[in-house]
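Order of writing sets the chain letters: A, B, C, D and E. Residues in each chain are counted from 1.
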Amino acid sequence: MELLIFYPLALVSVGLAMGVVFNKSPIGSAVCLIGMMLGLAGVFVLLQAHFLAILQILIYAGAIMVLFMFVIMLLNLKDDDKVWKVRERNVWLSSLAGALMVGVLYKIVNITAGAEFNAPAKVPDEFGTVEMVGTALFTDFVLPFEVPSILLLAAMVGAVVLAKSNVD
Amino acid sequence: MWIDLAITMVKIIFILAITVGFFAPVLTWVERKQSALMQDRVGANRADILGFTALGLFHIISDAVKMFTKEDFIPQGANRALHTLAPIIALVPALLTFAVIPFGGQYTLWGQEVNLVISDLDVGLLFVFAIASLATYGYVVAGWSSNNNWSLLGSMRTASQMISYEVTMGLTIIGVLMVYGSMQLTQIGAAQESFFRWGIFLQPLGFIMFFASAIAENKRVPFDAPEAESELVAGYFTEYSGIKFGMFFMAEFIEMVTIGAIITILFFGAWHIPFLSTATLLSMFDFLGDSFANLAVMLIHVGVFFGKVTFLIFMQMVVRWTLPRFRYDQIMKLGWKILLPLSLANVLITGIVILALN
Amino acid sequence: MAYYVNRNVKMTWWERSYIPAILTGMLITSRHFFKNMFGFVPFFLGKKKEREIFTVYYPEETVQFPIAYRGRPVLALNENNQPNCVACGLCEIACPAYCIDIVPGENSGKQNEMERYPIEFTIDYAVCIFCGFCEEACPEEAIYMSDQYDITMLDRKKMKYNMEQLLVPVSELKDRMEFCRNMYGKWNY
Amino acid sequence: MLASYTGAAILLLISTVIAVGMVVAGSLLGPKREFPDKMEPFECGESPIVSPYQRFSVKFYLVAVLFILFDVEVVFLFPWAIIYKKLGLFGLIEMTVFLVILGVGLMYVWIRGGLDWE
Amino acid sequence: MVPLSHYLIFSATLFSIGVLGVLIRRNAIVVFMCVEIMLNAVNVSLIAFDRYLNQHDGQIFSFMVICVAAAEVSIGLAIVIALFRNKPTVNLDELNLMKW
């Protein structure tokens, strides 16, 4: 049953990810990426990470991609930059990376195909809900919770400095 | 299994019937008629069937027929695929938010548990926000793909405004979530059975701010700078005609219903009647027998819920026809400089008060 | 008289939140709404209808225009079934839009007969701006602004009215004539 | 838990079908009478002089950036609000620190004029 | 039940597509998008392991990844905009400022 949901979602996500890479116009890539993120949110739901699935939609698909859209609209690229073009120099690097990937894939399948990971662990019914994730976040991971605030502060300052210096 | 699926289907059909089939069309008429009455005019009253006008209600039918039979054209230089996709992206999230909105409590009918919500998600309220944030793309893509100055300017404004108010909208309801300690809309609704536990008494500031930012999120007057008729023709849907144009309006009206429903659940006691708990209601209908009493209570609750929603839609309409449009810088100032700090303060004050009371 | 708004008024914080002002505004609009919506209820109870709607159902009802209203210009047809016009051409000259076109004809000049008369008199309503200068310029009380405004055609050429279409019996123009005499009489050319 | 998503999935399907069906029906039912003047982008009767694809004020970008950062903050607040009653004073202090640090950022943006739209 | 290896293969596939995009595309914005794909791919495997080991640590970690992604995108795209002002292109091969 879950396989039946997983395979279409995974196939659509992979297809859309390919769409991001091979799309002609940046805005098409962005739309494909949004679709892929929604597909991934579906996969997260399948993995009972309800809160993370919503975060995926809310932050990735709903916020970060808006920024991409804005930048694409803001820059209004020349036709030269809009169309799809391969970088000339990286052919060797790409093929090397591809070979590496295949190796890694093979290794992963080899390791995890064992019986140990074939069936998911028995989890309580409220696994992955907001309450559970929140409890983990605000009790066990207090420092990782406070650190992003510094990160966000830095990002805020950086963005204002970078963007404002062009305005003034 | 199958009976659950059947019940779900019935609920989905009911929700679609009441939004697409009832609220969205009727609101197009109400908007015209109500504005007319407020401004001492008559309003739509011409469409007739055999000379019978029914207060202009047939305008709904004539509108629908007109929209479907108008030429659907795409302007020169537009991106055809995205231009067609945009109204779909705008409409689907508006409908999908109803998946988590409960329109009644839980009842036992003939041994079958009936929970009047399509899918009772644990992340309920966040689901609404997440899906609503996706609607932004409909407007951005619509403006981008139209190859029109007005559209692009309108869509930039729309996107900026919607994302600004998404933040304040999220922050204003944190207080409510802290009070009720849940994000599941059914539980928030159930927690408000007693009249003085209604959200509007516990979070009055939160209510005002949420109402304002919800209207801004829906881009209605007084926050309609994105589609300001007098400056931007029609904003992002300038280049749309026929049913695609209608779909943007439909999305707007359905979002009005969504806002009404969410405010009802968060602040106006959901499906509960003041001073009349479910148990009292059940005992009042005791003479009908158990299942029929439950059925009667269920119908009453659904009726009460949609009555409250209708009242809130009426309030949104009154606001729309009372206030003038804000300038764009005023809209942004209200969102970022007033509502954002106020809602942060609201969160902290609520936290301190809850801590003091415990 | 311009109404001067004092912008330096010091508002309290409660007023500065604009909530009371917004609520007052909403009360006003909803009062109008309820009055117009349920105004017919006291009507059934034998009281006067309290709706405040000013709208006129146009094609069925029409509004009585004030006499000073300037509709389409028409020619007066006097009791002898003759137009008052003597084809002097003053209105033609006065017209800022050049919509009047007169072809004059000459009579024998006998007693009780006008020397000149219009053979052809056309007004192009597609061009006319309804300013009323022709009426003012006319020395013979021949051209008047009527209160008709619904001149709509599917073809521009049909907007050009000839004399038969323009002539209106003088009895229908009594009020306007009276008004013009008062109006322009005062100015003593 | 997964079962509770069935309703949402079905609703998504049905509403997509409705939306697509509307577009298809609209394009099938309507007439097709295209001529060059009609297909021109609308600009109050004039032919467009400038292409709409010009650069926009960077202000819009700044708003989007601030939105992302505050959205992340709000997302942190949501689970905190839910379990606030369990966390008690500890939670309040925790969140106050978080909010104060971000408040400094907000103040900085405010003072630098990042929120102004003159 | 979906075996864990399926999720991992899925994740690795997405990751390699992201790498592919980073390597072959020249448009800086699209390259950023491909970086996002890679981050997402990592999230998938984190959450999958979480589910199969019955822990919440991985979810917290992907939460952090999302935060970092938000910060990274906002600054990265600001840099792209700033570069765009100096030289109106987003073509990465032309943005070799060190050679000037």
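By definition in this document, a contact is a pair of C-beta atoms (placed from the backbone, for glycine too) under 8 Å apart; a residue touches a chain by one contact, two chains touch by 3 or more.
Note that this is a predicted model, so its numbers are computed, not measured.
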{"item": "Chain E and chain A - chains in contact with each", "value": "D"}
{"item": "Chains touching both chain D and chain E, listed by label", "value": "A"}
{"item": "Chain pair with the higher count of C-beta pairs in contact (B-D, B-C)", "value": "B-D"}
{"item": "Between chain A and chain C, centroid-to-centroid distance (C-alpha), Å", "value": "69"}
{"item": "Whole-Å gap separating chain A and chain D, where each centre is the average of the chain's CA atoms", "value": "18"}
{"item": "Distance from chain B to chain A - Cα centre to Cα centre, in angstrom", "value": "30"}
{"item": "Touching two or more other chains - residue numbers and ranges from chain B", "value": "121-122, 126-127, 152, 156, 159, 163, 166, 183"}
{"item": "Sequence positions of chain A contacting 2 or more other chains", "value": "2, 46, 48, 50-51, 55, 58-59, 62-64, 66-67, 70-71, 73-75, 126-127, 130-131, 133, 137, 148, 152, 155, 159, 163, 166"}
{"item": "Of all residues in chain C, the ones touching two or more other chains", "value": "none"}
{"item": "Interchain pairs in contact, sorted by label", "value": "A-B, A-D, A-E, B-C, B-D, D-E"}
{"item": "Touching residues on chain A, where the partner in the complex is chain D", "value": "2, 45-46, 48, 50-51, 55, 58-59, 62-64, 66-67, 70-71, 73-76, 125-127, 130-131, 133-135, 137-139, 142, 145-146, 148-150, 152-153, 155-157, 159-160, 163-164, 166-167"}
{"item": "Chain D partner contacts - residues on chain E that touch it in the complex", "value": "66-67, 70-71, 73-74, 77-78, 81"}
{"item": "Touching residues on chain E, where the partner in the complex is chain A", "value": "1-10, 12-21, 23-27, 29-30, 32-34, 36-37, 40, 43-44, 47-48, 50-54, 56-57, 59-60, 62-64, 66-71, 73-75, 77-82, 84-85, 88-93"}
{"item": "Complex interface listing, chain B residues touching chain A", "value": "79, 82, 85, 121-123, 126-127, 129-131, 133-134, 136-137, 140-141, 144, 152, 156, 159, 163, 166, 183"}
{"item": "Chain D residues within the chain E interface of the complex", "value": "58, 61, 65, 68-69, 71-72"}
